[in-house]
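Residue numbering begins at 1 within each chain, and the chains themselves are lettered A, B, C and D in the order written.
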Amino acid sequence: MDMKDVLDGVWSDVSAHLGEGKVADYIPALAKVDPSKFGMAVMTVDGELFTMGDAEEPFSIQSVSKVFTLTLALGRVGEAIWKRVGREPSGTPFNSIVQLEHEHGIPRNPFINAGAIVVADTLLSGHEPRETLGEILSFMRHIAGDDSLTIDREVARSEQQTGFRNAALANYMFSFSNIHNPVEKTLGVYFHQCALALNCVQLATAGLFLANRGRLVSGHTVVSSERARRINALMLTCGHYDASGDFAFRVGLPGKSGVGGGILAIAPGKAAMAVWSPGLNANGNSATGTRALESFARRTGWSIFG
Amino acid sequence: MDMKDVLDGVWSDVSAHLGEGKVADYIPALAKVDPSKFGMAVMTVDGELFTMGDAEEPFSIQSVSKVFTLTLALGRVGEAIWKRVGREPSGTPFNSIVQLEHEHGIPRNPFINAGAIVVADTLLSGHEPRETLGEILSFMRHIAGDDSLTIDREVARSEQQTGFRNAALANYMFSFSNIHNPVEKTLGVYFHQCALALNCVQLATAGLFLANRGRLVSGHTVVSSERARRINALMLTCGHYDASGDFAFRVGLPGKSGVGGGILAIAPGKAAMAVWSPGLNANGNSATGTRALESFARRTGWSIFG
Amino acid sequence: MDMKDVLDGVWSDVSAHLGEGKVADYIPALAKVDPSKFGMAVMTVDGELFTMGDAEEPFSIQSVSKVFTLTLALGRVGEAIWKRVGREPSGTPFNSIVQLEHEHGIPRNPFINAGAIVVADTLLSGHEPRETLGEILSFMRHIAGDDSLTIDREVARSEQQTGFRNAALANYMFSFSNIHNPVEKTLGVYFHQCALALNCVQLATAGLFLANRGRLVSGHTVVSSERARRINALMLTCGHYDASGDFAFRVGLPGKSGVGGGILAIAPGKAAMAVWSPGLNANGNSATGTRALESFARRTGWSIFG
Amino acid sequence: MDMKDVLDGVWSDVSAHLGEGKVADYIPALAKVDPSKFGMAVMTVDGELFTMGDAEEPFSIQSVSKVFTLTLALGRVGEAIWKRVGREPSGTPFNSIVQLEHEHGIPRNPFINAGAIVVADTLLSGHEPRETLGEILSFMRHIAGDDSLTIDREVARSEQQTGFRNAALANYMFSFSNIHNPVEKTLGVYFHQCALALNCVQLATAGLFLANRGRLVSGHTVVSSERARRINALMLTCGHYDASGDFAFRVGLPGKSGVGGGILAIAPGKAAMAVWSPGLNANGNSATGTRALESFARRTGWSIFG
C-alpha cells in the first residue's frame, strides 16, 4: 500500500466537502476559525510521517485532550479511577447532566465532559492548577516530541467565561463528593487542557503510543500494552459521544473527537492519524474529518473489524 | 501459538469459577439448566476446530440469535433497515422502554430487545411466522453446516407465556408504526428465534463468516466483507447491553451474549469463538463465559485494540 | 348569583372559539365528531339543573370514566389500592411509559392511562369483563339517575383495534406483577369503560356526589364525605395529565378531562359541572371546554382557592 | 367551632410523635436544631391568633420563602414570569436537574429549587444582592407586621458553603440563558432568602393575605384576589415537591414546606396556619407538621375539597 496514494484518494473524497458542517460557536475564540480548513497527518509505528493540507496549522484540540489526561490519570492512580468514573457509552450528548442524577454523580465514562472533569480533578489532587497544567503540558510535549507545543490562553479564557454548563456538571458532582478539589480549580485545569493547541503532525505523533503497544517511536514506554489497548477500547465505545456507534460502524477505528474539529484515530499496530476540519456535524464531531477517516479506513483496510 | 495450550490456560483461569452467577429464571425452561456447565469452541478461518468442556451440549442461544437475524434482514432490506433501528449503544438495560419513548419508537440498536423485535418484523414482512422461522432455521443450518440444528419448542412456548415485557415493547413500537405486522406474529418469530438451540461447535461455526470477511470456511460468501465488518462494529459497541463498554475494555473483541449463558466472540481474520456457561452476572451476561473470553484474548493477544 | 346570567356570560366568552383545537383522531370513531359542538350542564347540590348548547347530546366520556371506576374500586378494595397505584402528579403525558420503568410498574396516579388500567384490573379481579362492565354500567346508571345510559360498542371496538400503546402499558405492568388478570381481559374492561356515552346532563348528575359530600341529590350515600374529598384532591392534582397545574391555576376547581372533549368539574358544596367541546389543546384537554370552565369559575367565584 | 378545642385535639394527635423524622443535615447550621420542637399558629381572616407549643421560637423558613419571593416577583414582572418558569408539578425531587435538561432550562414550577432561583434572579434584575435582600426583608416585615424579623446570617453562610447542587442548577440554567445575573449574585439572594428566620406567629401572619383574598388583616392589599387564588393553586399542586399529591390527599389545603421543618398552609376565606417541627419525612417535608395539619383539617373541616 502506498500511503501517498491513499491520501490522494482521501483528498478526492473530501475536497468537494470542505467547509461543510457548522463551526462551534459557543466558545467565541473558536467561532473565528476558517471553516474551509482541512489537514491530516499519519504517523506510522515505523516513524514515517505523511501529511496533507493544513496539517501544520495549530488548532484547539478540545476534547481530544481527554485521551491524554486519562492516560496521565491512569498512571497516577491506576485502575482506582474506575471507582469515580464508568467506562460505558452514555447514550446521551457530551454535556448531559441527566445520567449523573440517575447514577449518583458518577459519570458514565471519561470522555464525556463530566467524566473528563473528574479525571482533571484526579490530576489536580490538592495541587495548584498551574502545577497540574505544567505537568500536562510537559507530558504533551514529551509524547509529541515538540517543546513548542502550548496552551492557547485566549481560548482557555473564552471557555472559562462561557462554560456554565461545565460549571453545572462540576458543582453537581461536587455535591455527590465526586469532585475533591475546589470547583473553580478543577474547572481551571479542565478549561486549559481543552485549550491545548496542536497541529495534526503533533497530534498524530502524540497519539502514536496508542497504536504502538504503549511505546513512542523512540521505543520509550508511555504505558503498558494492556493499558494502550484499554484506552483504545474506550475511544471506540465512547470517543464520539452519542455518535460513537456510528463512527465505529462507518470508520471502524478507535477515535476521539473535539469541538475544535480535530479527531485522533488509532490503527493498532499500524499508525495514528490526526485530522482537522472545523465544521461539525449534528453530533458535534468534525463532518469532513469523519468523512476523511471513513475514506482512509476503507482505502487502507485498517478497520479493526476485519 | 498452540491453541491447545491457550485453552488449557483458559481452563486453569475459569475452573475455580464454574457455577458462578445466577441462571436466568424469568424463562421457566431456562431455569432448569445445570449452572456448572461450561463449554467453549474455537473455529479458525482455516477451518480448524478446538473445543473444551461441554462444547457439544446444545443450549438456548437467546439474544445471540440477534446477530444472525440482523444478517438476514440486512440481506433482505439492506441499509434501509437503519431507518427503523439505530446503531448506537443504548446506555440502558436490554429490555428498557424509556429510550423508545424519548426517540419515538425507534430502538437504539438491533441488539437490544426492541431493536431485535423490529428486525424480526422486517423478516416477517407479511408472511406467516412459520415461513419466516423456516427461513431463519435454513440459514442457521447453512452457516452452521449442520442440518440437525433446531428450535426448542418448549423454550419458545415458555417465552411466549412470560414475555410480557417484550409484548409491551412490541405494542409500544406498533403504536409508533415501527412494527408493521400484527404484534403476535412478530413476537412469535422473535420468541422462536431466541429458542434456537445450538452447541458451542455449531455456534462458533455459524459465526465464522464474521471473522472471515463474510465467507464460510467453504469459501461460500454469506455477506460482503464490508457488511461483516459493520456487524462486528455493532457487536463491539452494542453486543452486551449496558456492559458493552466493559466487555470491550476487558476482552477487546466483538461479542454478543444471550441470557442462556452463551457468548459468540469474533477475532477478525482469525477465528470465531463460542462459550457457554449458564450463570449470569449483574448485567445479564455469562459470568464465567466473560471470564473465559478475557483469559482467551489475553493469552492469544487477539484483542482488536492492539 | 343568577346561574342563567353566569351561563350567558360563559357563552359570550366561548362563542367565538367554537371549533378551536383538534379533535382526537387516534380513535377512528371519535374523529368523526363535529368539532363545533359545545354543551354545558350545571347540577347544583340542591338538585337544580342548568344547561347550555348541546348539553343533551351524548359523547364518549373516555378518561372522565376514570373518576367513576376509581370510586368503584375504592369501594371494593379500599385504601389498599394505593399499594398498586400512586397519587402524585406524573409530570408526563397521559400515556407515558417512562415513569413506569423508573418506579417498577407502579403508575403515578389513577388518572393516567396506566393507573386507570390498574384500577380496571382491580375491578375485574377474576371475573369476566362482561360482568365487570355490567357492574360499571349499573353504577353509572344509578348515579346518573338514567337507565338509558350505555356503552358505545363502535367506539370500544375502535379503541381495541388501535390501543397499542395501552396494550404496551398493560403488558409492561403485567411483567411487574401489577396486572393480575389476563392482559386482554383487563384491557377489554378499560376500553369499554372509556366508551361510556353520556351527555352533559348525565355527566354532571353522575358527578354530583363529589360536590355533595358523597351523596346523590336524593340523599343516597355513594361514598363517605372523606372519600369524596380525596377523590376531588386527586382530580385537582392529577386530573389533566401534565396540564393539571395549569388547570388548577386558571380554573381552580377539581376536574377530569377526556379526549372525547368532555370535562367534569367539581365545586365542593355547590355543584358539579360538565362541559363538552371536541377540539383538544396541545395537552389533550378540551380547548373550549377549559375556556368555558375558566369563565364559569371567574363568574361564580367558586374557585376552591379563595 | 372552638379553635382552642381544635388545637387541643391536634395536640393529642401529635404529642406522641414529637421528634419523629430526620432533621435536615446537609445545612450544618440546621442540623443543630432540637428535633422535639413543635409549634403551631393560626391567624384567622378576622385577625384572631391562636398558638400552641413553640410558636414563638424562630426557625429557618427555607423553601417557605419561595411563596413570598414569587409574590414579589409577580408584582414586579407580572405574568411574564411564566415565560421563564412553568406551573406544573414536577414529579421529581426538589433539587432535580433532569427535568431542566429535557425542558431547555425552564424549571417546572417556582417552588422547586431551580424555579425559585429563577424567581430570585427576576428580583435581582441588575441590582446588588444587598439591595434585593433589603427589599425582600422589608416586604416580609410588612406582611408579618413585625420589624424585628431578620435573616440568619450563619444559616445563609452555611448554605452558601454547601449549596453545590443549587450552584449546579443555577449554572445550568445560565447556560440556557434563563439566569440573567451573575450566578453568584443570584445564588447569594437565594441562599439568604432561604435563611429568613420567622416564628410560627410571624409566618402565619405573613401568609394571611393568601387566605384573605390578597389583603392583610389591616385591610391593606398585598395582591389582587385573583393573584392570591393563583398562588394558592400553585401551592396546592407544587408546594410539597413530589409529595404534593399526597399532601393534597391527606390535608386538602394549599401549603408550602421547607427543610427547616416549617409549613405554611392556607384555608381560603378562613385562616393561615404555620406549623414547625424539624424532623422531616422521606420526601423532605416536616413529618409531625404534616400530621398536625392533617388533624387540623379534619377537625375544622376546612379542606378545600368539600
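Keep in mind that, in the parts below, a contact is a pair of C-beta atoms (placed from the backbone, for glycine too) under 8 Å apart; a residue touches a chain by one contact, two chains touch by 3 or more.
Quantities reported herein were computed from a predicted structural model and do not represent experimental measurements.
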Worksheet item: Which chain pair is joined by more contacting C-beta pairs, C-D or B-C?
Response: C-D
Practice prompt. Mind checking the centre-to-centre distance between chain A and chain C? Centres are C-alpha means, answer in whole Å.
Written response: 55
Practice prompt. Quick one: report the Å distance separating chain C from chain D, using the average Cα coordinate of each chain.
Written response: 32
Item to complete: Averaging only over C-alpha atoms, locate the centres of chain B and chain C and give their separation in whole Å.
Response: 47
Worksheet, complete the sentence: chain B residues touching 2+ other chains are none
Item to complete: Sort the chain contact graph into one of these: line, ring, star, complete or other.
Response: ring
Discussion item. With touch defined as at the start, can you tell me which chain B residues reach chain A in the complex?
Written reply: 86-92, 99, 108-109, 210-213, 225, 228-230, 232-234, 236-238, 242-246, 248-249, 252, 254, 266, 268-269, 303-306
Worksheet, complete the sentence: Given the complex, residues on chain C that touch chain B span 96-98, 100-102, 164-165, 167-172, 174-175, 183
